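Take this structure, written in structure tokens, and hold onto it; I'll ask about it next.
Chains here go by letter, A, B and C, matching the order in which they are written, and residues are numbered from 1 within each.
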Amino acid sequence: MIEARNLTYMYRSPGVAPVTALDRLNFEIRRGQSVGIMGPTGSGKSTLIQNLNGLLRPTGGSLTVDGIRIETASKKQMSVLRSRVGIVFQFPEQQLFEATVFADVAFGPRNLRLAAAEVEKRVARALEAVGLPGEQFARRSPLALSGGQKRRVAIAGVLAMQPQLLILDEPTAGLDPGGRRRFLQMVRALRQEQPGLTILMVTHRAEELAGWVDRVLVLHEGRLLMAGSEHEVFTRTDELTAIGLQPPVSAVVFNRLRQFGWELNSEALQPEEAAKLIAGCWHKRMEEKAKCCGT
Amino acid sequence: MVFTEVLAFIAVSDLHYDYRVPSGEVLPALRGIDLIIQPGEFVGVAGPNGSGKSTLARHFNALLLPAAGSVIVDGFNTLDSGQRWDIRQRVAMVFSNPDNQLVAPVAEEDVAFGPGNLGIDPEEIERRVDAALEWVNMKEHRHRLVHHLSGGQKQRIVIAGALAMLPRYLILDEPTAMLDARSRRELLDVVHRLNRERGMTVILISHYLEELMETERLVILAEGQIRWQGTPEDLFRQPETLTALDLELPPIMELAQGLRRQGIPVPNETSQVEQLVSFLLQAGEAER
Amino acid sequence: MLRDLTVGMYLPGNSRLHSLHPGAKIIATAILMLAVFLVTSMSGCLVLAAVLFGLWGLAGLSPRLLVQGFRPLLWVLLLVLPLQLFFTPGPPLAVWGPLAISSTGVEGSLWLLYRLAALVAISSLLTLTTSPVALADGLEQLLAPLAKVRFPAHEMAMVISIALRFIPLLGEEADIIGKAQKSRGAALDSGNLGQRSKAAVAFLVPMILASFRRADELALAMESRCYRGGAGRTRLRRTRIGAAEILAVLGAAAVALIAGGRW
């Protein structure tokens, strides 16, 4: 789905030294994968996202998304790209502007020049996917909704374009724990309903990715620091903390215990499984102590 | 003098407040809050979005006025319009979006904004600005343009601006909501230092339980009322209350709970990674 | 581009011009601009030009900056110069069919060029040596006496200061909203008029709403910090009005009178 070879992006402003936001990134993401992207502020996450749908063009290297080479894409190809790649920006509720929820969610599909019946269908599906179904709701003004509802309408607006690649930029920013939980549930449901959908989620909370992403990419100062499964990446706790990210606590605890000779051979990132593994080791050590010192 | 000191606290009595929506509806936001904040306390206020946390905060410095009940700060009643400015000088407020609180283009000029409003002499303003910038470790950035600062730096300038008013109370409404992990930690360290070393009374509103674990007293709001009050340790001993209040345990405590369920007697107060690790290591050795 | 609009003009420095009180600089600038129009003789031109070059050097500015300052003017010149050159009545010097260049036309064009160049140089001297914040401050101090006759001098200065503070931010916001709507297929820079207007609405409404939201929050923050309007406010530092300032203003007046031939 996505192929990046030495992908580079430099910001140039007159009178200021050029800034390298992306520095020779090399990675591949297959169709249908769910990928988490992490990195401290200024690591290039936003720049990378904007390259993926053509808002920015790579200044060096190459980037191919769904078969389209971004650096050389024609206007027509860009149009196609926009319909295949959906980006939910941070605080997406700020982009709402129409008089009714329906009209706002329909904005995207209408820009794709779809027939009115198709637009209606898509809007209904999208609103259902985010948990805001019903004709009544669709007639309300998006600006009179609660913060959480506004955000869901904005997400529906992107889903209604039925993208093949869905990119979420810090989608839980500003949400309370309940809202965060509900959002992650929605993403999981989406994955199940559309197994071919490729999802990229940018977040700075490792816990949000644990348990459902296929891969994690870690960016640092424009470079790809780590790429691998969540186990491969999250267990490198010292490196993650060094660049200002917080690895999942279970990974940190595992590593610390291992430093003291605990034999924890496998990994678990979710609290319940992690607890079981630690407990198993703990009980084993208690038994061994009892044996050796004769209680 | 003694009389004034006796009156140094915030007293909220049976506070009610309603929001009026354009459609004419009336939404009750606070439905009878009774709360006393003693000088020097570090109080945390938590609750889901819409529980009334921010509404309550805005009553402390008279940005909002009670529909019923009262809010008294150091003996001044917020309903008395003549005393509003005295209240606002004592009660400094920090909101969550740093950009929407910075008024002047240059950092030190923004810190000077507050004292400037009080008509203080330029020499005294300069002294206060120096001291405030020192407290938040931003002295070397004093001449920079605010839009060149990072989120965490901006928020620290906001706090400096608050300190320059020489307040008694510092109210922070989700101050770290838009910051990354490192900035969050730096900001909270500054706030805790202010409380410990300057005796500043702090009210921290947040829905990150990790931040609230470091407070002396926790007030949990839900639907405009106080649902629970007590120390953080008390709260974490009652995980059912947490779930009932739709709050989330910080990941480290979830792990501790999981371990308890597996038969390992992890102490209830365990709230830091190192604490848990030490406990696990020691308990293993204790049998010798 | 919008991000550094306000910073682009000002170049920090240590020259005597940089440290002058901004209010004095504004007055001196106004006087010198007046001088440009008072000049009617060749010697007057030379005097003024010499003074300007001298000040430019005193401010520690490179001549290249002066040339750069003229660039925006090229468009104006391209429009106005031919009119001045070809259509001023007077004794003809050269004729091409219907177009005639008269000696008065040439003279007029030269004066036009000179005056525009001088005005650019004078205003650049001000903006390159004075930060926007200092300019707003200076303006406020000059207009402060008017507050007595109900002119909102302090409030105006606050408005200018806040505008300067937020222009870069609005630029960033415009960028994000533009990108979000473009990602939804909004035809911000393509398509027919109907599509572009729709896209414009999709851009403007969120921008306006964001601005109102921002204004609301800022007002709350300002009130929390005891802002009650401009009266009685004090500032962090005030540049003193001293000998240098008086010299600057009187000097400008002298140059105006000499160059204008009225001395």
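Following the convention adopted for this analysis, a contact is a pair of C-beta atoms (placed from the backbone, for glycine too) under 8 Å apart; a residue touches a chain by one contact, two chains touch by 3 or more.
Remember, predicted model here, so these are calculated numbers, not experimental data.
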Point to revise | Topology of the chain contact graph, where touching chains are joined (line, ring, star, complete, other) | key: complete
**Study point:** Result of counting contacting C-beta pairs for A-C and B-C, higher pair
**Key:** B-C
**Study point:** Whole-Å gap separating chain A and chain B, where each centre is the average of the chain's CA atoms
**Key:** 30
Check your understanding: So, what's the distance in Å between the C-alpha centres of chain C and chain A?
Key -> 46
Revision key, fill the gap. Shared-interface residues of chain B (touching two or more other chains) are none
Revision key, fill the gap. So chain C residues touching two or more other chains come to 3
Revision key, fill the gap. Residue positions on chain A within touch of chain B in the complex are 40-41, 144, 146-148, 173-179, 181, 204, 207, 244-246, 248-250, 252-253, 256-257, 260, 271-272, 274-276, 278-279, 282-283, 285-286, 289-290, 293, 295
Point to revise | For the chain C and chain A complex, residues of the former touching the latter | key: 1, 3-4, 8, 176-177, 179-187, 190, 201-202, 205-206, 209-210
Exercise for review: Mind listing the chain B positions that touch chain C in their complex?
Suggested key: 58, 61, 63, 85, 88-89, 92-93, 95, 97, 99-106, 108-109, 112-122, 125-126, 129, 145-147, 161-162, 165
Check your understanding: For chain A, which residues are in contact with chain C within the complex?
Key -> 13, 15-16, 50, 53, 55, 75, 79, 82-83, 85-87, 89, 92, 94-97, 107-108, 111-112, 143, 157-158, 161
Exercise for review: Using the touch definition up top, name the residues of chain B that touch chain A in the complex.
Suggested key: 21-23, 48-50, 150-151, 177-178, 180-182, 207, 246-248, 251-252, 254-255, 257-259, 261-264, 273, 276-277, 280-281, 283-284, 287-288
